[in-house]
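Quick heads-up: structures coming right below.
In what follows, chain A forms one complex with chain B and a second complex with chain C.
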Partner chain A sequence: MEAVKNAFDFGDMPRSELGLAAAALAFLLWFPAMPHSSFGMATMIQFLMFSLYGMGWNLIGGYGGQVDLGKAQYVGIGAYTTAVMMIRWDVPFWFSMPVGMALAVGWSFIIGYPLFRLKGHYFAIATIATSLVLKDLFEVWDFVGGARGLEIPMKGDMPNWLYLQFREDYYYYYILLGMFLIGLIYMNGFRHSRLGYQLRAIKDNEHVARSLGIDVHWSKIKAYAVATAYVAMVGSFHACYNFNIEPEDTMSLDLSVLIAMMAMLGGAGSMWGPIIGAAILVPMKNYLGSWLGGQAGFAGMDLAMYGLIIMVIAAAQPRGVYGIVEAVRARRR
Partner chain B sequence: MEELGIQILKSAVSGLIMGLVFALVALGLTVIFGVMDIVNFAHGEFLMVGMYTTLLTSPLLGVDPVLTLPLAGLVGAVLGVMCYFGLIRFLLRGPMIAQLFGTFGLMIFLRNLALLFMGSEPRIVHEGWLVGKSILVGPGVVLESTKVAAAALSLISFAVVWWFINRTRVGKAITATSLDAEGARYMGISTEYMNALAWAVGGASVGVAGGLLVNFWPVEPGVGLLFTMIAFATVALGGFGSVRGALVAGILIGFIVNLPPVWDAILRSIDAAGLRGLEIHSFKYTMVYAVYFLIMVLRPQGLFGWKQ
Partner chain C sequence: MALLQVNNVTKRFGGLVANHEVSFQVDQDEVVGLIGPNGAGKTTLFNCIAGFYPLTSGNVVFDGENITGLSDFQVARLGLARTFQIFQASGDLKVVENVMVGSFMRTSSRGGAREVALEVMDFLGIVDTAGEMMTELPVAAQKRVALATALASDPKLLLLDEVGAGLNPSEIDGLIELLQRVHGERGVALLLTEHVLEMVMKLSHRVIVLESGRKIAEGEPATVVKDPEVVRAYLGDHYVKRQKENGDA
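Up next is the complex of A and B:
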């Protein structure tokens, strides 16, 4: 019961933050009823997806300080599990999603055990390596469609709640919003949990954490598994939402980097960081991309600006937007 | 059986030569890492800039691609110094995570700048003294002269860098900085200058590597990632910060990349029906990633490493 109480306990947050969060939540709930373009809707769904990815990354990368650049492999595992089970054995989404999460978590234990013997950039580059190995394997594995990927066929009439097939996007939106809220509440509980405190101790100083009796290696692996569950869950959703998955768009390094970047831009190691990061970068990426890349004919310009912003943030304020907020707040006091 | 023998010879020769090229690509990374403990994710993008430099300046100046190598090296060095003073210097003040993302941002920036100005189609040098010529080594084993020249120049570059680091006063100052930056500062060495110099040397060597590579490897904006990963694997295997290690490890990686064709030839010579599906020619570079992972886990200091 303690854990559940913790999860709903937002008491340690400043009033102003809670007020803003409530306003944002009201906006998110109300959004489909407001006039919007289908592009706007797609952007909002992507924003929710990347917020969840970012939350997962933030668990291990933010609270734990272990920079993971291989999150995309778990997106891929989640997405492929759902797609394969749906195509071959007609398994509904609500059953294949937990299976995908379990498979991803299992894989995270297998590679997490050796991975967490490494530290700092050695760890970061090794996560890239595992992710790329898995992607290369999926690209030649016929069972999952090779490099061409998989296409999910229509399953009967729409709206189809079992297989998550809808004609209107707002169904997807509300399902994802539900996942988002569950993820947020779990995250809040995690902050106050034993593992959450252990992770922050490890981030501050591993030697001290070990001397306090924390099993550093095992704590990292556990947190990594939780982070993986978040990412795999959204991966499963991604498969149903897109109807079409391939290794390039579910497992590429670009996706891993994007996930880490959003959490980092918003503020790694803070509750709202990944959400702020996704709220800034997803619309920017989509609208800049379609405007500069599509209409003005400057392909690459949007991502170049993106890289520039990342460089400036990393050099000027490594703790991201939320770090700026905290700095301002500290000065006022 | 004869096919197998030819394949082994082919793989050995090609492994040695490509290995030398990989070693040259990794050289810059290991110099920079040795001096300041920073991993440059944009390393492959430096290579790409070197490749485009040779590709574009050779027809512009009307000279052979080989003669533009000093220019490619110069561009690489200038780029390295610019990055150091414009970005890396600020990143060093922040936590490790900021260093990772800073160079990652640089990678995305350079890659997409190339996309913006150069377009996405792969391009290669079509004319030159070396292009299209080849040397017959043995039965069925043909060597392109572009690759042989690249390997030879790689050896020369290694000799120059080794001489510079181990035999000159400035090189010794660089070594001192990498061993103990604070101690070096007490001895009156300007570590700031040494850091910039390491970026210049690193940028120059990878720029030259790019100029050589574009003679036989098409350049496109996304070409960097594969080489970044190969360079990481090479540096990890040789030991972070070790110049000698980069050379040995580069050659080893070259052999590893050329193992799959040998394996496939063995399978074909046995010709067992059950083994038909076990061909691994499409896993050439997957092996590199796997090797990197194994080295990091089993022997993090590498073969010749002195940094952990």
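Up next is the complex of A and C:
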């Protein structure tokens, strides 16, 4: 099983990175045992969610080099599939999650086929458009609760592993951490796969890639499908964790932009980039954002700050925080 | 049977005729040079053969299969590889990973792709650069990596577009020797365009001359350079007249 071997092969990474990753993993595993506030726990859960969203975004936005601002539509499909199946047919999370992923991937093929005929800004705009159209449709669709959304009722006693209903947040945390680790290891395998190499060749130069027998259009669609699976998986989780979902919080443009921004801030096209980005921006959003909006009386100031961050990244280091690390390392050699 | 048959290929861009009724063949055991002054349509012809441009009329047969109308990546999979005039160094990939993109055309296994890449790089004498980043290499070495990447896809025919451009005379000598080995030891047929005439003359068994999109001469290198049509195309009418007056022609 070469694919499995590739997934666990971290040999091409610098020792220092692996050391840091191990320390971070130890922290993540121990976190619930440390003293923490419930707001701190919620922030950690959001960090894991956005790390996974970012990993998905990174496949096309980073490795593939095409900026995607429509990831929220797949969060929505995942979340709604799980919620609808749970409410109407009592289907457990572990069955509805794969179904949500499959539906989202199916949708990604349908829109990916025309979308990947577009390049640059046009692609980015088209991803925004499809996402917003889907959101508008959900807002008027009574079957999924319209603009008011859906609320998942309690399914018997807690802890309920089948429907992911827990009183304590650390259950959610560990389930999500499991998804995070699987996602990370799968991503490492993807990086080493034929499609992973081909995507990076496409990002470099599509003409050269085509001359090496790569079907550029189809490769992008395939990578987009994998990216979608990541995002929809977390979307399904989000429905159970939040108990209620509505189009505004699962499919908004804000969410799409936030996903893209975290991955870009951390470092598009690198394995750790989306995780670094989420580790910086999620706490900032939660702590600084709520402080600015609450005590300091500057509601909306955090949004202005995101804009500033995007501009600074674009101008100073397009490869984000991880790009700075790489630049420093290259200079030392 | 010929490996590559180009039959009456015409390519028009609006009113501009870039290639007009061009026909020629390349055999499996041949090195063929395609020369002509600037703007003669050499690169366009390459792009037509490789499936990068659709033909206006005519057809191209490769290895017994009509490849007219196939996409460039489909043509590549049949064993027709190419290198580009302007080579862009990859910022993201290490040298060996870059070459692996070529070998991934024939295998989906990472280990297998790596093995083929290293073998080809060893053959071309660049295996010691495997771990470096593309951007750190000098131009001559980058060109060898591009060549290695194309060879790693195990082609039957390799189209080389101006591989000698930007190299100094000693680097050109090295490249000539290398390409002779690629042809002799790996059995890859070569079709090359070149500004550096010396290179084409030393390498090619046969030379085809294009001018303004038309084929004006074909034959052994030594004969073709003396052809009055070819001299005129390169040097102008005056030179042909003067040659006649001096009794050279």
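As a working rule, the second predicted complex is superposed on the first by the 333 of 333 C-alpha atoms of A that agree within 3 Å, B and C clash if a C-alpha of one lies under 4 Å from a C-alpha of the other, contacts with A are read in each partner's own complex, and residues count from 1 in each chain.
Heads up, the rule we're going with is that a contact is a pair of C-beta atoms (placed from the backbone, for glycine too) under 8 Å apart; a residue touches a chain by one contact, two chains touch by 3 or more.
On a predicted model such as this, the values are computed, not experimentally measured, just so you know.
Novice: Of the two partner chains, chain B (first) and chain C (second), which one does A:G213 touch, if any: first, second, both, or neither?
Specialist: In the superposition, A:G213 contacts chain C only.
Novice: Quick one: is A:E2 in contact with chain B, with chain C, with both, or with neither? Answer first, second, both or neither.
Specialist: second
Novice: Does chain B (first) or chain C (second) touch A:D136, or do both, or does neither?
Specialist: Only chain B is touched by A:D136; chain C is not.
Novice: Under the stated touch criterion, which partner chain does A:H192 make contact with: chain B (first), chain C (second), both, or neither?
Specialist: Once the two structures are laid over each other on A, A:H192 reaches chain C alone.
Novice: Contacts for A:L253 in the overlay, against chain B (first) and chain C (second): which applies, first, second, both or neither?
Specialist: first
Novice: If you stack the two complexes on chain A, which partner ends up touching A:A126: first (chain B), second (chain C), both, or neither?
Specialist: first
Novice: Using the superposition on chain A described above, determine whether A:R200 touches chain B (first), chain C (second), both, or neither.
Specialist: second
Novice: Tell me the contact category for A:S16 with respect to chain B and chain C: first, second, both or neither.
Specialist: So A:S16 meets neither chain B nor chain C here.
Novice: Which partner, chain B or chain C, touches the larger number of chain A residues?
Specialist: The partner that reaches more residues of chain A in the superposed model: B.
Novice: Can you name the residues of chain A that touch chain C in the complex?
Specialist: 2, 6, 192-194, 197-198, 200-201, 203-205, 207-216, 269
Novice: In their complex, what parts of chain B are in touch with chain A?
Specialist: Chain B reaches chain A through residues 39, 87, 90-91, 94-102, 104-116, 120, 221, 225, 229, 232-233, 236, 282-283, 285-286, 289-290, 292-293, 296-297, 300.
Novice: Chain B touches which residues of chain A in the complex?
Specialist: Touch list, chain A to chain B: 61, 65, 67, 69, 114-115, 117-118, 120-122, 124-126, 128-130, 132-133, 136-137, 139-140, 253, 257, 260-261, 264, 268, 298-304, 306-311, 313-316, 318.
Novice: Which bits of chain C are touching chain A when the two form their complex?
Specialist: Per the touch definition, chain C meets chain A at residues 50, 52, 71-74, 76-77, 81-82, 84, 88, 90-93, 97-98, 100-102, 104-105, 108-111, 113, 149-150, 153.
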